Amino acid sequence: MTEAQIKEVIFKLLKRIAPESDPQSLGPDENVRRALDIDSFDALNFFIHLHEELGVTIPESDYGQMNTLSEMVRYLVKHAG
Amino acid sequence: MSTSTHAMRKITYREAVREAIRDAIQKDERVFLMGEDVGRYGGCFAVSKGLLDELGPARILDTPLSESGFVGAGIGAALGGMRPIVEVMTCNFSLLAADQILNNAAVYLHMSGGLFNVPIVIRMATGGGRQVAAQHSRCLDGWYAHIPGIKVVSPATVEDARGMLWTALEDPDPVLIFENSGLYNMEGELAVDAGPVDIDSARIRRQGKHITLISYSASLIKSLDAAEILAREGIDAEVIDLRTLRPLDEKTFLESVGKTHRALIIDEGWRSGSISAEISARIMESGFFDLDAPVQRLCSVEVPMPYAKHLEDAALPQVDKIVDIVRSMVGANG
Amino acid sequence: MRTKGSKKAAAKEAGVTAVDREHALHLLRSMILIRRFEAKCAELYSAMKIRGFLHLYDGEEAVAVGVLQALTPEDAIVATYREHGHALIRGVSPGAIMAEMYGKQEGCSRGRGGSMHLFDDRTRFYGGNAIVGGGLPLAVGLALADKMQGKARVTCCFFGDGAVAEGEFHESMNLAALWKVPVLFVCENNLYAMGTALKYSHAVQDLTRRAASYDMACEAVDGMDVSAVETAARKAVAFVRGGEGPYFLECRTYRFRAHSMFDAELYRNKAEVEEWKKRCPIETFSSRCREGGLISDEDLATIEREVAHEVNEAVAFAEACTWEPLEDLTRFVYSERRRP
Amino acid sequence: MAEFRMPSLGSDMKEGTLLEWRVKVGDRVKHGDIIAVVDTDKAAIEIEVFEDGIVETLIVQPGQKVPVGTVMALIRQEGATGARAIPVTAPALEGAPIRAAQEVAPPMERIARAVQGAFEPSAPRDETQRLRASPYARKLAAQQGVDLSLLRGTGPGGAIRATDVERAASGVESTASVAAAVEEPVTRGPVPSAEKPTPLPTGTEQPRVAADPAAMRRAIAAAMERSNREIPHYYLQTRIDLSRTLRWLESENLKRSIKERILPVVPLIKAVALALTETPELNGYWIDDRHQPQETINIGFAIALRQGGLIAPAILQADTKSIDEMMECMRDLITRARAGRLRRSEMTDATITVTSLGDLGVETVYGVIYPPQVALVGFGKVTEQPWVENGMLGIRPVLTATLAADHRATDGRRGAQFLDALNTILQEPARL
């Protein structure tokens, strides 16, 4: 899966959680949860959806490595191999 | 209510009252019947027919037309240790004895600070419907129920006609029994060994869930007839027989209204200041939040009773009127 | 009748028939007790200790005192709203009567009746009935019960001339005569039905003729003369107790005070009252007894002293009595326990 | 001609002062436009119009104080259909005294208005057309959380009867009561459920939530205003060492798939439920001047909505739910809350509210109690803090828990006992 494909999935899922937002306008190093006002529930849902879409299981301990768009892409590229 | 499982028999309301009087006089030597024409005539409504011969003049006393005199004498006799059954021919004439009933019977216990109770039973015919016009058609059951110190009962069934008298005689205080003259010929099933019944509670004569019809005496019979008609239309009316108008058993009708959320009171008395007004007020006081429709009343039209049949019929509560009101209260646009 | 040789002679001399000294003292004392007790009531009424209606018996004492001599404890009394005297002489305690007028719970009717409704079961005192004529049917019934139960008791019913105009009077006279029940009807004819004189109330002013019309035994007596009343009452009671049927005794008397405390007495003149006061039952009886040597001035003083003490005791008792608690307001509307 | 009347914005509002007109004669207005600002006893409030049309007359002038129900302006409808047409005498009547301009709406229009009104949660009830509902219907509606103002009655004179309420509650709509949709979170009043004590009166006092953020804002405003006005709050706060709970949670989550993972707030809510079993006085209502503790523990959980506003649906019988059940329940609630599909009991049955603002970094929450509840528990962010235990200094994840409680119902001691119980439970997470 390419970086672009992964980004597309991320945008789609974020849009589902925050329909009024424009995820594509996020800066690469912007804190996603803060920018899109995503609470812990939505965050959990986001990880669940990522698991469903990409088959990646993200352990709780790794949540801290996925704060920004670039962090997410990096992590997912690595684990969705 | 009879708990007897024994054989039943057909009996008229009149016979049931007569049987109750005979039974009471035979059981208790203090009991006697007095009133106008109760002896040789056999009772204005033939209730005591034959009792003079059977029980003798010491127990069946004809009185002159002196309502105040003989009702007062009954009160005195009760104070003096007897258990009189005083028959006032109809409640219309009881007004001539109103002084004795209200100013003596009802207050002696209280006025004497509990020293002198008056164990008298006063029976009287009540109600209209026999084309006897304004002076002979009053329904004063509820009117007397206004008075603290007396108890007012209105038997509507042969069972109550048979069973209320003894309980009333055992009561230490004055009890007025109102027998609706329209009921004397009514036939009903009665246990062969039917005995006393309580005189302080109402009865649900028919279970239902859509509306509560609250009534007593002859109007109860009309209410039950109306409920049958309504049942065919799918309206399930609960019918309550008050039986006792004072003290009023409000628990029974409040519980019923709590279940059905609607109440129609059928009262042969006039509407203003009536027992139906009292019941309605009590529902407001204690059952307001259970109501899904305003309490309605069907009472006698507020005219002195006219003689002509069609006018009299129109003045009294009737089955078709009950049915109409219930339909409007329960129906789709009610 | 108690008689003692020498006294009897003295009494006869004094024009007092069949009254010995002891009895004379008793009669006098009874009348004075009523008079002084009621004078106290009037005083207490003005002091607002007693309220409601207060009807005083001033002038009529000879009737209650005379009639009640003839009754036994088994007999029954039905009285009117002017009944303090009857209750006192019947033996209801002055303290309980005074407490009743105070409205206290130790009153003879627990403060439920007041002045007009004194009751006492112990002495078969069936009350102070305040509906004029209302007590008569009741008395007939009490007598009927006695007759039915075969008891040789008499019911004595007091009422005024006003009651004679009531339908209940006639119904009761008829019933009593018809059934021959043992009632002694005592009409206390004081000439006024409240403020309306007999002559303005009755087509026939000889009230015994009413009784006669029912074929009832009857007699009219000077109600200001206690001995005459007593004598007539004894005769009447004997008749009634003998199973002869009812009896009508008219006691012609006069009320010295107003009808009730709130009465301007516009309907009679002072001269008339003064004229009647000359016939005061206490004065006349006491004079006769003294003149006849039956009693002394000292006796009179002793009576006055004792009565004053008794009245004061009654007032002290009533003052010390208690109010019925409000929680008991609705008691005695219906019986609290069934009587057998 | 339609009349624009001084609305009743609460049962205790009897009159209002017009502050300003936002329109002038001849302006075209449409349903929902703010056309006036009215000063009430509480605050200046913007008032909307419920008619489309042209402002014909402005009757009340700014500064005037008028009773609720007073006609303030007349709105002339344009391009109306036959049914809505002005009577033929209209020209003569236009601009005539108000009385003459009264209009009786034809039935179809009334139905249409009712439907419209149903979607218009902020519609102030016209006090001159008092809601006609039977006492039993009101009782039922309150018990089941049905908003009577959204129903069309089938009783005499259009009175709402029990059957209308039951129909609405069961989701079977009567023709005009579409908006009483059970699936819609139309009711926000945390009213006791059936068999519970007397609920809040229905009507304008009962705030409602709907898609319209402004309306929701007003609903929240009304509830919070009432809370502030009526409830004497007291606040208690405590710091809780959450290390044991978090450690336990971590190990629990390791056993679970990602879909089954449990968020930290879940054990906190469970702990609140368990603590309430020890201090039941905090679980319940203050109604009719009476403290009415409830047996069932239904924890309202404040959920912020993306479009603004918040909603606090109840986790029913929270004390009886396992951690997993509770997580599932919360997931479901949040999903449906955001989709606007909460069930009535969830909207109305909360007996206490928990609000957790830790996601946003807030350390301490001082909550406003949701009437008629008597307590609100607030959780802040879990932060690492120096912590002394047994004389040893260490770094621990620490949570600040606060209790806002109604002083009419309980006293500080009871509140302190609650926080103490909460702390104790969180130190023994196995109990969760």
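Note that the chains are named A, B, C and D in the order they appear, and that numbering of residues resets to 1 at the start of each chain.
Basically, a contact is a pair of C-beta atoms (placed from the backbone, for glycine too) under 8 Å apart; a residue touches a chain by one contact, two chains touch by 3 or more.
Quick caveat: nothing in here was measured; it's all calculated off a predicted structure.
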Pair with more cross-chain C-beta pairs in contact, given B-C and B-D: B-C
Centre-most chain, if every chain is reduced to its averaged C-alpha atoms: B
Centroid spacing, where centroids are CA-atom means, of chain B and chain C in whole angstrom: 41
Centre-of-Cα separation between chain D and chain C, whole angstrom: 79
Euclidean distance of C-alpha centroids - chain B vs chain D, Å: 54
Approximate Å spacing (C-alpha centroids) for the pair chain A, chain C: 111
Arrangement of touching chains [line / ring / star / complete / other]: line
Interchain contacts, given as pairs of chains that touch: A-D, B-C, B-D
Sites on chain A touched by chain D in the complex: 18-20, 37, 39-41, 44-45, 47-48, 51, 57-58, 60
Chain B residues within the chain C interface of the complex: 32, 58, 63-64, 66, 68-82, 84, 99-100, 103-104, 108-117, 119, 148-149, 151, 170-173
Chain B partner contacts - residues on chain C that touch it in the complex: 76, 78, 107-113, 117, 119-121, 126-127, 129, 131, 134, 136-146, 148-149, 155, 167-168, 171-172, 174-175, 178, 331-339
Partner chain A, residues of chain D touching it in the complex: 250, 253, 257-259, 261, 263-265, 304, 306-307, 330-331, 334, 359
List of chain B residues in touch with chain D within their complex: 261, 288-293, 332-334
